[in-house]
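Structure provided below as structure tokens; questions to follow.
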Amino acid sequence: MIDLLLALTLPLVALGVLLARELFRAVVMFIAFGLLMALVWVRLQAPDLALAEAAIGAGLTGVLLLDALGHLRQPHPPGQPLRSLLPLLTILALVLAGALGLVLLGALLEPLQPSVNLPAEVALHIEASGVAHPVTAVLLAFRAWDTLLEVAVILVAVVVGLALRFSHDDAAAESRVSSPLLQGMLSWLLPLMLLVALYLLWIGSYRSGGAFQAAAVMAAMLVLLRLSGQQLPGQNHPLLLRAGLVGGLGTFLLLGSVQLLQGGAFLAWPEQLAGAFILLVETALTFSLALLLYALFEASPAPARKGHPPRTGDQPS
Amino acid sequence: MLSWLTEGPSLLPWLVILPLLWSILSLTAGQRLQPLIATTAVGLILLATLLVLLQWLQRGDHFYSLGDWAVPLGIRLRLDGLALLLLLLTSGITSVCTLHAGRYLQEYPRAKTYFWPLLAFCWAAMNVIWLSADLFNLYVGLELLGFSAVGLVALTGEKKALAASLRYLYAALLGSLAWLLGVALIYGHQGQLDISSLALTFTDSISGQAALALMTLGLLLKMAAFPLHSWLPPAHASALPPVSALLSGLVAKAAFYILVRLWLEMAPDNLTFSAAQLLGALGAAAVFWGGWMACRQQQLKMLVAYSTVAQLGYLLLLFPLTTGTGEEATRLAWEGGWLQLTSHALAKAAMFLAAGNLVLAMGRPDLPGLHGAGRYLPFSLLGFGLAGVSLMGLPPSGGFMAKWLLLQSALLSGQWWWILVLLSGSALSAVYIFKVYQQCYVESDNPDRFRQPALVLDLSALALALLALALGILSAWPQWLISTALPGGAA
Amino acid sequence: MMLIDLLRALLLLSGALFFLVGTLGILRFPDTPSRIHALTKVDNLGLGLIVLGLLPGVEHWPVAIKMILIWLLAIAASALAGHLVVRVCREFRPSNAGEQQDD
Amino acid sequence: MNTFLPYTLAGGALVILGLTGFILHRHLIRRLLAFNLTGSGCFLVMTGLAQQGQGVDAVPQALVLTGIVVAVSATALALVLIRRWYHLTGLTGLPEDIEPELQQGDNPAEGKTQGAPH
Amino acid sequence: MMDLHFWLPVLVLFTSLGAAAIIFWLDENNSRMRSSINLAAAGIKILLVIWILVGVSQGEVYETRFTLLTGIDFVLRADALGVMFAGLSSLLWLFTTLYAIGYLEGTPNRRRFFGFFSLCVASTLGIAFAGNLFTFLIFYELLTLSTYPLVVHKGTDKALRAGRLYLIYTLGGGVVLLAGVLWMHSLAGDLSFAATGQLDALLPEQASTLKWIFLLLIGGLAVKAAMVPLHGWLPEAMVAPAPVSALLHAVAVVKAGAFGIVRVVYDVYGITLSYQLGLLLPLGIAAAITILYGSLRALAQQDIKRRLAFSTVSQVSYIALGISLFGPAGTIGGLVHLLHQGLMKVTLFFCAGNYAETLGIHKIQQLNGAGRRMPGTSLAFTIGALGMIGLPPIAGFISKWYLATGALHADMDWVLLVLILSSLMNAGYFLPLLYRIWFCPQQGEWPQERVLGRWDTSLWLLIPPLVTASLSLLAGLLAASDFSPLAWVQLVTTREYLP
């Protein structure tokens, strides 16, 4: 019952996101959608995903979107969000979507005949993986290759952000919110967040949680710090910061190569020390990922400052 | 040495580890160390590629289980003749591009800092894709490739480049989503992700067909097949020349490579005659449309970029020519298709490098800017010309050999309409390539504006062009390499 | 047993009711300060009631502590957020009289 | 019919909605939102479908976790480009989509930005 | 020795390929070095070809062969026919190079010109030595590519237009040829050229297919051979510098087309099979039409080079005509004309170039009195023109004689009529020129006179036409000797008709 209701709500909220007249409303709806998704993951018995979705999918993405939104005017008049140039394209898209929907429905309702029972495989080998939590085992043992590359993916996004940052205007010059109340609150909230992050990291090896969730919390902490106008430790040491950014990937690579250099396979953990290795990798990943996620936010090109509005010569009316 | 090649651990993971290490180092090291790091890294990767080649020659096709986790739980890398061909191609072209970029980027001091890590990521991603045998891993690989490619396009921060990279990114994202949905369906229904294992269990079901259709759509978008090609020309034309070379030469091929693995390896029985013909028709449309648009371009790099659209179209002819056409025709088409990919990769990379040099030398990006270039006859012009020979499919070049094989296959299988496509496509490419040549012979009013590009720029373009040409004479070995990977027929 | 269940249901229901009212307030109130009013006061109360209603059902005491902690955090966060939002509101209202909605 | 089926279907619906929005919207951020919705739909299908067949399955969950991180990277990357693009042109859509004639008038801006050959 | 047999054909190619590479590398202004390399390469090439010639006449086989793709070999083989063509091209290349050095003295872009010039000759020799259809196709296309820069060399609009036309024709022809080769290949596999053809096994069920393939092959080759109606590019290409015209008309391009037709008829199909399939008659008719049409058009031209161009259209088809006459005499006539026409035509173009370069003469009316001002050039021109008409004892007579004999042997009497008509027209368009040169007084100033040395013109320009003119005279006078072109052609012909 509740599943049906939730499942029905999701597309409705999505529709709201797509059809919202104002962009701001659309983004807020999207954040709400993300939170709903987190609930859905709970119902799908995927607490890891719920955590990640809330922190990353809704939280970080939301912050990113809102932040970007703050720097963009809306050249389109509000309303008619689905305005497209060609009516033909609209019809085509709708027909296409309908067809895809039918096909998808057929595919989703078809009886399943998996040829392999992967959950059983996971259960069978989890002992050897070095951790007790299956999701962590998949992420950092069975499919560590994916995870390694995924870290590289984030790094690429950050690097592009860094490359496109305007060198001349320092983002710190922006007006940031500050108030004594905020400072006071932060002074005990931040340690708490750090604690939570470390807890998530630690718990990851046998229960829901892990590097990504922990990193998301830590990144949120950094974003908060940044928004409150405080200097980040090491902010003036670009090399240190960069080392932090690549640290996760580097550690992953190095620890993954330990066995390789001894004639074993890449990303194979030493038999007795698998748990420790994974924890090490996760720790490095947590800090590095936190920096990376934070950098995704931070590295965005700084906006035009007040009084220097962007050139609007060729702005369509 | 020999025993180490046969029995020692496979070096496959190094092909990804090394570029990743390179990117890490170049992100943390200072500006002065970059050339050293780049040289070392390229050298090591080339060495690793060569050793992998030697290993393959010793032990043949093999798999590499990452982390020692066996399929279906783990992920494994797969090396066969085809993957090896692409690895070699990637190493060759990328290292030449690196050489070129090292000099060319002196004009772009700001872009320089982040060019190297992005290039290294791009390289790593390509190697991941060539080696990957896992559907979801391919998704991650595609994203890594797409993001780094988008980043490379956007690197100059110019208006055009930004618009192009945004368009590129959105196309890439849409393509990845389609792929991901396909993977989701396959995993839900089959419970595994390894391509080779899936080949054994893949059945003809709605979900299977839907997944294949979705994945194909995504890949077609990513390889800029007609009519989903509109993102490619601006992206390839507005990037820096070494980046354009890399994108047109290699990156655009990744999606096609996966497409072939998907259809001909994972689900060969699901490719019906009409589906194959449809893919071929898309390819033919791309050949004509891309050629036609290339003829209409006034900007040199746009012309070259549209030519990529056309040339990628030829690749899709692989599907109709290998589906139900008998053993010999299938073999010919298989070899011809991959030879076409190889020669196009070399020729197009050469052409973009040369075009970049010419624009630099003449100071103008449009075709009339080339007036008087023939007077100086820079090597770049020669490189452009030789690459053009291969693109037109004129002998003696790799392009000619490839088209010859494809033509033979079409003739043998009685699909004469593809012969028409191949021949008229060649004619069309002759039109736009000679349109460029012709400009070079016009005497310019102001002959002194020519600025000799650095020798290394010229030579890197020429070297690739000569390789494309040499492929016409030395195609027996690549052909053999390709033929070992013929799906189903290898045994 | 029965009584406790009844009480819990009552608490949860009234909590949900408070949430409903708070949401209504956000949607219906005319200006930002009054909306914040609805958000900070009513919703926190609703959350408190729900936490209270859930407490008897927990099996381990750390969970209970966590829930109470969450409630406290939510109160603090909403208070702070409200405070900041109002400050921003006050800062902007006089200068740009509603024409510059984009900043 | 089990707990997971409704979510799987909802995932399918999200994909359809998102794709349609992605194609039809012109505003880059709206398209980005549509992309994220589609992504969520894919994740739901991936987890839901797999778990329909085999019960709770850690593998798709891990895959989706990877997917979420990739999606946020994509979003961030796109936003970086959008912001820079907006800063240079004041546009929130791609030129070809908004006004086809804008392209032609755009050419002289060639060497405007840094790093043009000197 | 075995190694040398393998490498010699490649070596011949590489003399000009290497020359091209070095020339491209050299500085534009280093003309002395460039000329030395050109001449040295030409000399070495002639020596190598003579070596091969001697070897082939003694029955040696020089063959380079390696595999390109499975089932397709790259074959360079020096057989009698190939050596004949190679000898002609390498000899004429030497003179054309000499001439070009003088002709282009002081003009821009010489590096480019000579580079492609060498490439062009390399591909011509490749065509000569090609041992199978596939290899032939490779060099045939390469020839197109390397001549294009020469045609558009001047860079004027007119030159570019001519270049475009040239490409449309030749690349189109290339595509048709490719289709033919491909079809043939899929039918009969990797066909090495062999003296008697080797398709007999395919008969009779494939007869009609073979006819279609023949049509494609000849259609593709006819473009370069400038057979009507595929000749349109040739007169337009006259805008190119005179040495290029010489190259197009006498040394390389047109000859490559004609030579290709020879190869297809004799060495792919075999003359007997072609005859049995009834392929020769249509070919002969097409050639006859071309001969007459070319002559007719030539009569109407007032521009010297254009008149020469249409004359080429007409004359080259003598070769095809000779081939289509079944019987040794006709073959001899056709093949020997391949050589003779080359010598004579190159002379004529050199002279036309001299007139244009020295006196600025382009039109026929301007020739009045040129004989007195430029006696050497005019003498050479006269020999060439009279040879073209077929006057004994110049080489052209020998060709026409054998053609006529061949026609009689083959029972194709109408060919005689064609020959007579054409000779009359040849006379009709050449004699007025000679008349003006020698017997009309000069009218006013020359259009654009330049004094180059104490002779007619500079020696670079004068010696080549004189030598080629004397060679064409000698080829006629000494036709019966052992070292004449005729003798070699007779050797070739006996091999073609051997079985």
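Going by the order they are written in, the chains are A, B, C, D and E; count residues from 1 in each one.
Methods note: a contact is a pair of C-beta atoms (placed from the backbone, for glycine too) under 8 Å apart; a residue touches a chain by one contact, two chains touch by 3 or more.
Treat the numbers as computed from the prediction; the structure is a model and nothing was measured.
Enquirer: Among all the other chains, which ones are in touch with both subunit D and subunit E?
Expert: Both-contact set = B.
Enquirer: Which other chains touch subunit B while also touching subunit D?
Expert: Both-contact set = A.
Enquirer: What chain pair has the highest count of contacting C-beta pairs?
Expert: Contact tally peaks for the chain pair A-D.
Enquirer: State which chain is most central when centres are taken as means of Cα atoms.
Expert: Minimum centroid-to-centroid distance belongs to B.
Enquirer: Taking each chain's centre as the mean of its C-alpha atoms, which one ends up farthest from the centre of subunit C?
Expert: Measuring from the centre of subunit C, the most distant chain centre belongs to E.
Enquirer: Please compute the C-alpha centroid of subunit B, do the same for subunit E, then give the distance between them in whole Å.
Expert: Taking the mean C-alpha position of each chain, the two centres sit 43 Å apart.
Enquirer: Please work out the Cα centroid separation of subunit C and subunit D, and write it as a whole number of Å.
Expert: Between these chains, centre-to-centre, one finds 32 Å.
Enquirer: Can you work out the whole-Å distance between the CA centroids of subunit B and subunit C?
Expert: Whole-Å distance between the two chain centres: 56.
Enquirer: Counting only residues that touch at least two other chains, what does the list for subunit D look like?
Expert: Residues 8, 15, 18-19, 43, 45, 48-49, 52-54, 59, 63, 66, 70, 73-74, 77, 81-82, 84, 88-89, 106.
Enquirer: Residues touching two or more other chains, restricted to subunit C: which are they?
Expert: Expected reply: no residues.
Enquirer: For subunit B, write out the residues touching at least two other chains, lowest number first.
Expert: 110-111, 136, 140, 143, 147, 150-151, 154, 157, 181, 185, 188-189, 191
Enquirer: For this structure, give each pair of chains that are touching.
Expert: A-B, A-C, A-D, B-D, B-E
Enquirer: Which residues of subunit A touch subunit B in their complex?
Expert: 103-104, 106-108, 110, 112-118, 121-122, 125, 141-146, 148-150, 152-153, 155-157, 159-160, 162-164, 167, 239, 242-243, 245-246, 249-250, 253, 257, 260, 263-269
Enquirer: Contact residues on subunit D for subunit B in the complex?
Expert: Against subunit B, the touching part of subunit D is residues 8, 15, 18-19, 22, 28, 31, 35, 38-39, 41-43, 45-46, 48-50, 52-54, 59-60, 63, 66-67, 70, 73-74, 77-78, 81-82, 84-85, 88-89, 94-96, 106, 109-110, 112-118.
Enquirer: Can you list the subunit B residues touching subunit E in their complex?
Expert: So the residues of subunit B touching subunit E come out as 335, 374-375, 377, 382, 389, 394-396, 400-401, 404-405, 407-408, 411-412, 419, 423, 426-427, 430, 434, 437-438, 441-443, 472-473, 475-476, 479, 483.
Enquirer: Show which residues of subunit D lie in contact with subunit A when the two form their complex.
Expert: Those in contact with subunit A are residues 3-4, 6-10, 12-21, 23-27, 29-30, 32-34, 36-37, 40, 43-45, 47-49, 51-59, 61-66, 68-77, 79-84, 86-93, 97-99, 102, 105-106.
Enquirer: In the complex formed with subunit C, which residues of subunit A make contact?
Expert: Residues 70, 72-74, 177, 179, 181-182, 185, 189.
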